[in-house]
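Next up: some structures, all given as structure tokens.
Two complexes come next, and they have one chain in common, chain A, joined by chain B in the first and chain C in the second.
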Partner chain A sequence: MSIVTVQLGQCGNQVGHELFDIICSDALEGQRKLYSTASCERFFHQTTNGELVARAVLIDMEPKVINQSISRAAKSGRWRYGESSHFSQKQGSGNNWANGYCVHGPRHRAVVEELVRREVERCDRLAGLMAMMSVAGGTGSGVGTYATQCLRDIYPKSFILNHLTWPYGTGEVIVQNYNSVLTLAHLYQLSDAILVHENDTVHRICSQLLNIKHISFGDVNGVIAHQLGSILQPALTADSHGVYSRNPLGELVSALTCHPEYKLLSVCTIPQMPSSSMAYSTFSWPSLLKHLRQMLISNTKMEEGIDWQVRPPAGSERTRSLTGPSFNTSLANLLILRGKEVYSAETGGFGDPALYTSWLSSEEAFNLWKSPVSFNKYEKCATLVSNSQALLRPLDNMVGKAWNMFASRAYIHQYVKFGISEEDFLDSFTSLEQVISSYGQLN
Partner chain B sequence: MQRSKASVRVEVKQVIGALCRLLAATGLESVPTPENFRRAKFGGGLEVEDQFWQLLADILQTSSSVSCEASAQLGGATDYRKLVAAGLWQTGYHADWMYGRQGGEGEEGGEGGRCSSRDLLLALGWLLATGKLEILLTQRVQQLDKTLLTPTPVNPPLPSELQLDSASLRKLQWLVGCLRYQGRTLLSMQEERTRLLHAVVVASLPSSVSSSSDQSSTVLRKDCVCMQQLCDLLEAYLNWKQVEKVFWTWMDSVVDCHLTDPVVKRPSHSPNTGARVCHHGNRGLEKLEDMLLRLPTGQEAQRRGRGDVEDREEGRERLHGGSDSFCLPPPLSSLPCLPCRPQAYRAMLQTEKPVRHGRLPGEGARGGAENPDELPASQAVQELLQTEALLVERRDRQRLANRMQLQKMIGRLDQLMLIPP
Partner chain C sequence: MTQSVVVQVGQCGNQVGCRFWDLALREHAHVNKKGLYDEALSSFFRNVDSRESDGGAHVVGGRIQHLKARAVLVDMEEGVVNEILQGPLREMFDSTQLLTDVSGSGNNWAVGHMTYGSAYREQIVDKLRKAAEHCDCLQCFFLIHSMGGGTGSGLGTRVLSLLEEEFPEVCRIVTSIYPSAEDDVITSPYNSVLAMRELTEHGDCVLPVENQSLVNIVDKIKHMSHSGKPGSAVKRDSTIISGQGGLSGAEKPFDAMNNIVANLLLNITSSARFEGSLNMDLNEIAMNLVPFPRLHYLVPSLTPLYTLADVCVPTRRLDQMFSDAFSKDHQLIQADPKHSLYLACALMVRGNVQVSDLRRNIERLKPVLPFVSWNQEGWKTGLCSVPPVGHSHALLALANNTCVKLTFMELRERFIKLYRKKAHLHHYLHVDGMEQSCFSEAISSLSSLIEEYQHLDATKGTLMPDAPRLRIAR
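After this line comes the complex of A and B, so read on.
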């Protein structure tokens, strides 16, 4: 069972590289043969010399980042990218979604499809495809959306997970909200699940938990890769009958995104700390899970600054007015525990029906994966993938800002000239308003 | 011209060959050669006929249109043929020869419903066109491919009172999504299994030659033979599907041949059999169509009833009785509508003189006067004139009565203002 990763644009290629690096070093560490074999089969194929080659396709409209990723991977000495599994051009998409989606995407469709097909054919069994990209720029968002559409056409029966990096709220690119709205609205129709990391949140983790003074993109990407890796590494699931699951993406989406109106997944991981202090820390499962649960219901993305006042509503007061606005209702949650004494961990708190929407029973809404193998040097590690209202507010902000710009028709001509009409914008706004309203109605 | 004809003939022969291979691959034992198909078109000899009897019987039996037990009980060839006719009848096929009486009193050969091999060929065409071929194919595939799952209908326990509020709807949507994902997972598992099976087969092929006595290898070899047959079958079907059109064009020519060729004996029905049969390819059909085209249109009159003679008599009585009372006349439409009434009849051609004749055209010509359903045209004209006279008379009377009634009413209502229309 293997996952083929498609790295798109600058962000996608950097995060993808970090992810493979963490997965590879985690898989090769220590004496844990089954885990290591399962992990390697999932993300790498082995050459006749025993080299690990990532099951990945790298796509960008500029050569710089791809070349960096390839050479850094080769330097690591543990793994590398495939020699011909990348594609780049000389000129970028200019942070314009329309340029990526309408021009670059269609122009290079055949090459991209061929690269992906080659990787897919190397797998004994395709567990699914994972496209990694940001939503702010032009290539990752525009070409990424187009590529996802092609993948959906070619592999209609495969699981497709999109990993999206959301931009800083303060803005890196002036039209980032346009690009985000267009990307999200399109991916909502194509993807099986959309896993989101917000740059703002990850940045805070870097500064407050990891105590990094001058935060670089590399640090941010490292945190994202750590969280992603803790989801994607082999685990024992309810369906896997005591062996490592062979259907990671299928079980992920089956646990979380069965409903077509709810596809946005957020992630939080505990603990996260600088590697220097890890040696002096001990963790207990009850304390970790207590924190994680409170992070979930108070919608806090990290251990610091958890609001302990938020409580799940009692059965009688399950109405909109009485539930505090800060309570985060979930549709479905997937808890992944890795490390020592994992079988003794008590997870009943996450099965509480009060955490979930009224129309889905907590047995269906809550799933648990476990692995007795510690992950990425953390003795114990708990990750919660949540389909909840956690992303409602940032999404609402994003759509609101984009709408304000659209109302004054700012920069619209830049999109129209590549073939994205105002109608297309309106369609995208409408579909995201529907998503916002669906999530709003969860409680 | 000559050459192209010859090439068409060759092509047809190849196409029929493809059909024969497909029929043989579906497991039918006696399949005629393409050459015998050609001979059958021109009414080939007894030998060809026997082959087609056998083929039809096989197809009907294998597709379980007739039961095997029934055929096992039968001994004689005539019984056997009866069974085929019965099977064809069940599939909806009708032809003259199927209704022939078996027995000694017929004119020649002792069989009333004698059929030629061309009739049998046409029957075969019918069976192919009704999808028997696909049924045979499906059955054969199920025999050969034991890994095929036949879906068993599952009735999940649904809550008895199914609520349709938005919450249950969302729950249902969630469950549907769940099922869709499960389906995809199963599909990918099946793909993986296929890959592994392929790897096993590839790896075991050379070794199975050496270890011949091994039991598992015999099973494998059996499976291999099955797979080979399956491939052949599917390939034959594909080949057939590609050229099927040519076959049907040829079958058209067989039908044409059947319609025009005077050499073939026409089944001679005795006029007393009384069975109403739709004649396939009967020239009478063309004549009838011709007649129908020449008829004046105006079918709406038929809706008002058949217009039998008794009906008309009743009508007349009603007219007489009705005029005496003061009640208003029934709406005009309920009266027998004179000018268009004859359209309730269908015209039928008679050898000597044309007759009007009710209901469906029967077969054969019978004396028009004897049959109460039939009505010669001259008589009909007479009747129509009579009725017209009656109606005119009735109309006048009714007018008179109306006037009288109106005057009475005026007498009663002094203040009534009458405004002319």
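After this line comes the complex of A and C, so read on.
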């Protein structure tokens, strides 16, 4: 089955390009026919002369980034974007969510819907749609939200996954917290699952694990793409009976978002290192999984600086809710293992009921996918997609900062100009406070 | 790709504009080696084939035939515009872009704003529309004028309100040159205050530049280049103040100062013209830096200004560039933003600078820069990969900072000194449409603007509690 990706805005188009690039080079690596076929069907369609064309629609309100992505893909020689599967305008949304959502989105609705429909019709079997965007700017967030809304209307039964890039805490866009609040509040009603990467976390991975001195957006996007690829590439699931699973989005959603109040997914991957050190490193599943489990419960997004003191609460403590604030309670986890000796890996530690909320049994809360094929040149690779409290604090910060700004009514006139009123803001704040409260009550 | 139109009004506006076109051409000539009319060029230039009678614009990608500036030149005397038309840039403009009169505004805001504003209204709108029609996606008007005289100040602000009327969707960025205290125009405080009200009401962003700051910067550069101390010598003919490599040969008296303002315009538009890993569109400037509609005065600072010879290691020099952008002697107005309150700040970087360099420097500078409580992380950043000619990198900082109120307070003081004695008032009141209430309204508009800044300034240093959050009933 195939996934149609919709890349929106500068960030969505850059990350999307990296994702296809990693997936393509991983799929074509070595002699792994079944894996390669499954991966290609998922993300590419083949022209009569054998070219791989990404199942993607590129949308931006300004042409520079789209043109860059298209020409870089063509230059790779391995894959390309479809000739007419992109849409751009001349003038961006100016970091204004309202401009994207109320003006650009509706104005170009027909074109965008048509592009997606064409791409969907090219799929023999549609697994679902993945919209990639940032929440900080105007186009990705505003047009992205509007486009997600349109897709939900046209494909009411398809799975829609939103991949969001959360901005750096400081220094990208000043109104980023407003834009993020408006985006998240709206997407929460539309999307089946919201997969989040935080730029700050990824930036730390680049500097501390990959030892990159001058970190560029390309480096950051590369890490995001690696983690995403390790989720989306073919794998064997519990019910797939020894063949590669058919519907990665559907199974992701059913494994992780069992309740409409809880849709925020975070990702961590282990190991991650500079490619130059890979040849000198060996990994064992027990140690990788031990680290990954501690990363989960102590809410650390990389294998450095893990707090080993954090322990899951004992059964008796649970009722008295004496768990320390640092313990990260999960609703559901999906563990994806790829590479050598994957069948020998012991994953019992992730099924521990103490990790999860009391109202869901750990059998339902924990899912495991495996693939004996190594991913993106890593001999072994473990990725954990988690619906847990991991994003509670960043979300709370984001809403808190936006709320402080809203209290002074700063910048509101810029949104009112395009038709988003103070009440719209209040509605969005209310629904996100609800999400925060729900996640807060997990433990 | 979007286009912008530059509207230059009055003597100062036209002189600065002229320097801008000269430097912009040099910059594009440096980047564009193939002689093709590319997207970057199209943002400020039209490509015209002179053989075609209608001057049909040529599509992007073709050879450069004949470049015309996307500009409208307005002056109520002929001197400066004629000089341009006889100078090396004459080919850049044709008669449809020019509007001149012979008699000047006599340093009287009312004559520029009321008399000429009404007499030439139709013609101005017509020329603006023509310029707009040549653009397939007009994003921004750049108005360049001075505050002290009659034409730039009076007619310039009239043009501003015409732009708002005719093109409400198009962003208006105004570069205003403020007179120094010892200005030889005796009525400059009147003109400036009357113009201020218009800027506050009709501009999207105003970049104030003080004449005195330009004088100081040029003096310092000249002093450094003559002192010739080893290791600290300024590159001879720093590209910041010299038009070397441009079309104009001999330098005229104000060229050095005007060059600085032209560089400001080059940098602010760089991200709209060239590629970068973090684009910053022109419409993002107001969105990010203007929290309240009237408080849209953005203090510019440029670095490097005093280009040092290559003695430091690159990363240190890069970090120094960021530090300099917040120092007093790099501001284009006479103020010290570090000791006032930041409402928001944009860093527009050009050249080989990575996002990690940006992050490191913001982290480093943040602790010493006071930001308003609700915008502690009020940074907007842009990365443009093409540096200015002759530099490896450059930085333009735009600060929405309460320090700008000092410039305004000083202006108000000078205004009141004159107004108390009703000096020269009759020259203004003679003019049709001008009433004394214009003066009182202008000064109260300025006072309330100052008050708004003061009000925000008062919150500095006090720890504001977070606004109580919405509570969810469980």
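Basically, the second predicted complex is superposed on the first by the 439 of 443 C-alpha atoms of A that agree within 3 Å, B and C clash if a C-alpha of one lies under 4 Å from a C-alpha of the other, contacts with A are read in each partner's own complex, and residues count from 1 in each chain.
Rule of thumb we're sticking to: a residue touches a chain if its C-beta (ideal position, glycine included) is under 8 Å from a C-beta of that chain, and two chains touch if they have at least 3 such contacts.
Note that the structure is predicted; figures quoted are calculated from it, not measured.
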### Task
Once the two structures are overlaid on chain A, check if chain B and chain C clash or fit side by side.
fit
### Query
In the superposed arrangement, which partner chain does A:172 touch: chain B (first), chain C (second), both, or neither?
second
#### Entry: Between chain B and chain C, more extensive residue contact with chain A
C
### Task
Once the structures are superposed on A, label A:277 by its partner contacts, choosing first (chain B), second (chain C), both or neither.
neither
### Task
Determine, under the contact definition given at the top, whether A:37 touches first (chain B), second (chain C), both, or neither.
neither
#### Entry: Spatial angle chain C-chain A-chain B, Cα centroids [nearest 10 degrees]
110
### Task
Pick one for A:257: touches chain B only (first), chain C only (second), both, or neither.
first
### Message
So in the superposed three-chain picture, is A:71 touching just chain B, just chain C, both, or none of them (first/second/both/neither)?
### Response
neither
### Task
Once the structures are superposed on A, label A:46 by its partner contacts, choosing first (chain B), second (chain C), both or neither.
neither
### Message
By the touch definition at the top of the document, which applies to A:326: first (chain B), second (chain C), both, or neither?
### Response
neither
### Task
In the overlaid three-chain picture, find the nearest pair of C-alpha atoms across chain B and chain C and give that distance in Å.
11
### Summary
The shared contact residues of chain A with chain B and chain C are none
### Task
Going by the contact rule at the top, pick out the chain A residues touching chain C in the complex.
10, 62-65, 68, 89-92, 94-96, 138, 168-175, 203, 207, 212-218, 220, 399-401, 403-408, 410-411, 413-414, 429-430, 433-434, 436-437, 441
#### Entry: chain A-facing residues of chain C, complex
1-2, 136-137, 139, 275, 277-279, 281, 283-284, 286-293, 344, 354-359, 362-363, 366, 373-381, 466-467, 469-472, 474
### Query
Once bound in the complex, which stretches of chain B touch chain A?
167-168, 170-171, 173-178, 180-182, 184-185, 187-189, 191-192, 195
### Query
Across the complex, what residues on chain A touch chain B?
124-127, 157-159, 192, 247, 250, 253-254, 257-261, 358-360, 364
